[in-house]
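Worksheet: one structure, shown below.
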Amino acid sequence: MGIHQYIKSLSSLETLVRAPGIFKYQKHSVAEHSFKVAQIAQFLGDVEENSGQTINWQSLYEKALNHDYNERFIGDIKTPVKYATPKLRAMLADVEDSLSESFVNTEIPSEFRTAYRRRLSEGKDSTLEGKILSVADKIDLLYESFGEIQKGNPELTYEEIYKESLTTIVKFKSMASVQYFLNEVLPDLLREKFSDQEKLEEITQHIVG
Amino acid sequence: MGIHQYIKSLSSLETLVRAPGIFKYQKHSVAEHSFKVAQIAQFLGDVEENSGQTINWQSLYEKALNHDYNERFIGDIKTPVKYATPKLRAMLADVEDSLSESFVNTEIPSEFRTAYRRRLSEGKDSTLEGKILSVADKIDLLYESFGEIQKGNPELTYEEIYKESLTTIVKFKSMASVQYFLNEVLPDLLREKFSDQEKLEEITQHIVG
Amino acid sequence: MGIHQYIKSLSSLETLVRAPGIFKYQKHSVAEHSFKVAQIAQFLGDVEENSGQTINWQSLYEKALNHDYNERFIGDIKTPVKYATPKLRAMLADVEDSLSESFVNTEIPSEFRTAYRRRLSEGKDSTLEGKILSVADKIDLLYESFGEIQKGNPELTYEEIYKESLTTIVKFKSMASVQYFLNEVLPDLLREKFSDQEKLEEITQHIVG
Amino acid sequence: MGIHQYIKSLSSLETLVRAPGIFKYQKHSVAEHSFKVAQIAQFLGDVEENSGQTINWQSLYEKALNHDYNERFIGDIKTPVKYATPKLRAMLADVEDSLSESFVNTEIPSEFRTAYRRRLSEGKDSTLEGKILSVADKIDLLYESFGEIQKGNPELTYEEIYKESLTTIVKFKSMASVQYFLNEVLPDLLREKFSDQEKLEEITQHIVG
Amino acid sequence: MGIHQYIKSLSSLETLVRAPGIFKYQKHSVAEHSFKVAQIAQFLGDVEENSGQTINWQSLYEKALNHDYNERFIGDIKTPVKYATPKLRAMLADVEDSLSESFVNTEIPSEFRTAYRRRLSEGKDSTLEGKILSVADKIDLLYESFGEIQKGNPELTYEEIYKESLTTIVKFKSMASVQYFLNEVLPDLLREKFSDQEKLEEITQHIVG
Amino acid sequence: MGIHQYIKSLSSLETLVRAPGIFKYQKHSVAEHSFKVAQIAQFLGDVEENSGQTINWQSLYEKALNHDYNERFIGDIKTPVKYATPKLRAMLADVEDSLSESFVNTEIPSEFRTAYRRRLSEGKDSTLEGKILSVADKIDLLYESFGEIQKGNPELTYEEIYKESLTTIVKFKSMASVQYFLNEVLPDLLREKFSDQEKLEEITQHIVG
């Protein structure tokens, strides 16, 4: 038991590769994804603040940084589970929660348990910070899938991930930060050099509307 | 739908790394593990046959070759789940079965479904071939964990895997092939050059008795 | 001497990369290739059996699983030897046989030598199982080369490998399993998304006729 | 110009490997390091808060997350520069600052420049948060070097890095979080299994006093 | 101190990856680059000699083989420094020289110092051999960038590197070896199979004139 | 046909890994080995020259740089062929020569063929430069095997390679450069930190005498 175990465990997130079982040109570890999501959330927070919202920055950074720590326990298994029903997904979430709760009780000293229980619980709630996390997580996933499409990866999964990410982002389009992303960032991304440009623009048009 | 999808899917098993989230010096893909388990099962079958047993070789090879195909759906998640209860493990097995059944119905043409349903179902049953598979699977796991211990991997997980594999193998010690393994193979493995030799010999002594 | 050495040696086949000296996006070890060939042979066996043939499954699995074990001795050197004459290829085969024979005599205990001598000898004979192995070996090679072409690999070698594999497969086109492959599997493969589609279809048309 | 370029640039930090030019068993990207430093800083912040200090969490997370973004411009060159004088190090810092300033003016839209100028400037100032960053950065470096020593890396550089990190941490020992680290975390780390245990304990004793 | 340290240090050049921080399909170490530059310089020397020039072969090989040894000290940092001014580049060169001088004095026994001081100093002088080195260094860089463009790498940096390399090569076009390269080698390179062929031909036309 | 093919082929030597089929912590490509052998030969040449010998530097560099180009054709197959008889080794050398000759005639323009035929033929002749190459090649092999032993690699092959390399080096001990290596360099190498120190010193003592 102890914080040494926690610090050591961060290395597991460096070892876990995202989208296991699917060929990729560029690997991303869960640790790298967490870093990028925190960076993206930080920017989305800037936009919200500039548009007049009040951001609880502690909560925003905390949510973003810790949102995938639990993958340490069962790995990144959501992506390939394409045949899964909602019921199966719920079962997997339960497994994850049980493992996480067990970890906090076993490894984290009692004076820090409240903080880690909060950090390792689901951060994508209905607060502004929870919504920014939902969006930032999908923006990084969109960039990761785009990176593969742009490099010529023939796995159709990446197109599906692109669609699924963008569809989720668009659901939050009442947010100033999402509007900024759709109007200022996404067009630049689509102007990048790659061969499926037209197809991806069409898909994007269809989703963004 | 079609066999092309099945052949392509074999590549997923090349991309899936065993024991994800744990540092290792040498990576083993699920495809490589399946190859080695089939090779080891082939040898254990030789020993059983030499000792007078009748081997259903078709069944033995089939079980060994296909026993981890399902990992394609949710990955190799059993190893790191050290906080899991038996109930949680059972839930994960259910998820795997559902995904596998769904895959056969969606991708495999009807005239081959019976064969693939058999191949993708649990092969570790009470037949001689099922028991050989159980042993062969653990022998490869024991070699993989030994390989890391021998290379100086400080992760204690590998010692736990060594113990757990050997404990399972010993449960089958009434089998001629397991006796051969314990008497002729394991001592050679422990005579290999490595620094934890004494400790591992002690552990082994304790388990083998 | 002993089976421990044999089991350990399986790891060499995990370390040997196919097509050494040629740039590739996705690496395949000899162990992974052996796994895939055994899987493909299993399927081709299904088709033959459904078409009324009798399959010696023990022989089929054994041939497929062990057909490249000998690469452990001199590596996968056939692919890059593009300037080689038939005489040179024959010389290399002799070297391989001598090393393999020497290995069986040195490492395999006497009671298993007959089995391993059979397993490590050339499996591509004129039996139905030998012919299925010839085809399965080339189908996996065709998929490996197609995988690189599809990912945009500019090395012309992969196009040559695609042609050479398909040409060999077509030589066996009187077999029901080859007909199934040409009629049901290959068209799906060519419908995959990639940029050289037209050219590869033309090549394929030209070879399949 | 634009935020798209900034988000894309995060990928550079995934591609940059720490301690280039020195053999290592486990690679760490600058993105992964940044994630771990933010996690460690978060924990040190917990300890400080529990001990009665007031933490500006926004500042702490921001400093930790962004502290190595500038490595994108000239890479991680400090470690190998073991022959460098203070003057040379100062020159390199100037180069980094110029590149960073140039980047903000070229790529970041004007309404976000103040925020990014702050984020990309030196975070290790004399505030409590700046001191926590200094410590967290060295704790991760200490863990990275320890990881190599524990795995048996014969490069003496890692021992030097261990010493240098610990020496810096000890300079901050008036902080509650550093005391927690020295009393509760470091002893657990030294109780890990590895062969140089005695030597490292001696070194540690010598530095911690 | 001693030559053992020098021989060991060659391994650093195997560990240093060229163009750090930029995604690439194929990695090249500084050691590999040095090998290729020496090979290319050897060929350019052949052409010069055939055209009537006298080559100091010792000087040519020595310059080519050792020209990047100094990267060991600060890594390959020039490529990504795209925002750098000439002044910044000069500062970095000074740092490199100081580290190199310090290394020779510390590690190389006195009887070999003159030789190593010459080898580790700037080889791209105005001698014929110095000019061949300048060209050979850029030809390998051009091949490395072309390799990425041909494999479909969407990073625009590679196009910039292609342009910059070719521009430098063209500056030496009064040399017989450069004329041979432009007339006999470059057209073959552009006849390779890749999708950006037209664009690259245009760029090349524009630069070669 | 043409020099473009030759320059491109240098990349094959970057892709070929030395000692294929044997687990290693650090990979070395044939290109990297060639670089290091040329560097070591350069140093041995210095010693010989200082001791009064006349070095043909052009020949020395040329031999060292090109001595393994032929591995491109059949790969690095000598190391694992431990069961090979001298006759088999001779056969493999014949294959290599034929492929090399065929390559020069097919790819190298006629005006350069004499030079490349010399470069691609066996360089380890009885000249001083040929002998330096023999020694330099083994010194790098000794360093590569030592690197694995020092990192804790349990493969006994590396101890065999160490012995075999040193035995060959000692055969040339009448040379001033070999004496320098044995007296000034090897002792420093053995003073490095590693666990098998005593054993390796004993082996070394036994061979050096």
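Think of it as A, B, C, D, E and F in the order they're written, each chain with its own count starting at 1.
Rule of thumb we're sticking to: a residue touches a chain if its C-beta (ideal position, glycine included) is under 8 Å from a C-beta of that chain, and two chains touch if they have at least 3 such contacts.
Since the model is a prediction, treat every value here as computed from it, not as a measurement.
The set of chains touching chain D and also touching chain F is given as B, E. The set of chains touching chain A and also touching chain D is given as B, E. Different-residue interface: chain A and chain C share under half of the residue numbers found at their contact.
Comparing the centres of all chains, each the average of its CA atoms, the largest separation from chain D belongs to C.
Centroid distances from chain E, each centroid being the mean of CA atoms, peak for B. Computed from the mean C-alpha positions, the centre of chain C lies at a distance of 41 Å from the centre of chain E. Here the spacing of chain C and chain D, counted between their Cα centres, is 49 Å.
Chain centres here are Cα means. That of chain E falls 24 Å from that of chain F. The set of chain C residues that touch two or more partner chains comprises 11, 13, 23, 25-26, 152, 195. The list of touching chain pairs reads A-B, A-C, A-D, A-E, B-C, B-D, B-F, C-E, C-F, D-E, D-F, E-F.
Chain D makes touch with chain B in their complex at residues 25-26, 150-152, 192-195. Within the complex formed with chain D, the chain A residues making contact are 2-8, 10-11, 13-14, 26, 28-29, 31-32, 34-36, 38-40, 42-43, 46, 50, 57-58, 61-62, 65-66, 109, 111-112, 115, 119, 139, 143, 147, 180, 184-185, 188-189.
Of all residues in chain C, those touching chain F in their complex are 11-13, 15-17, 20-23, 72-77, 80-81, 83-85, 88, 91-92, 94-95, 98-99, 102-103, 106. Here chain D touches chain F in the complex through residues 23, 25, 152-154, 156, 195, going by the rule given at the top.
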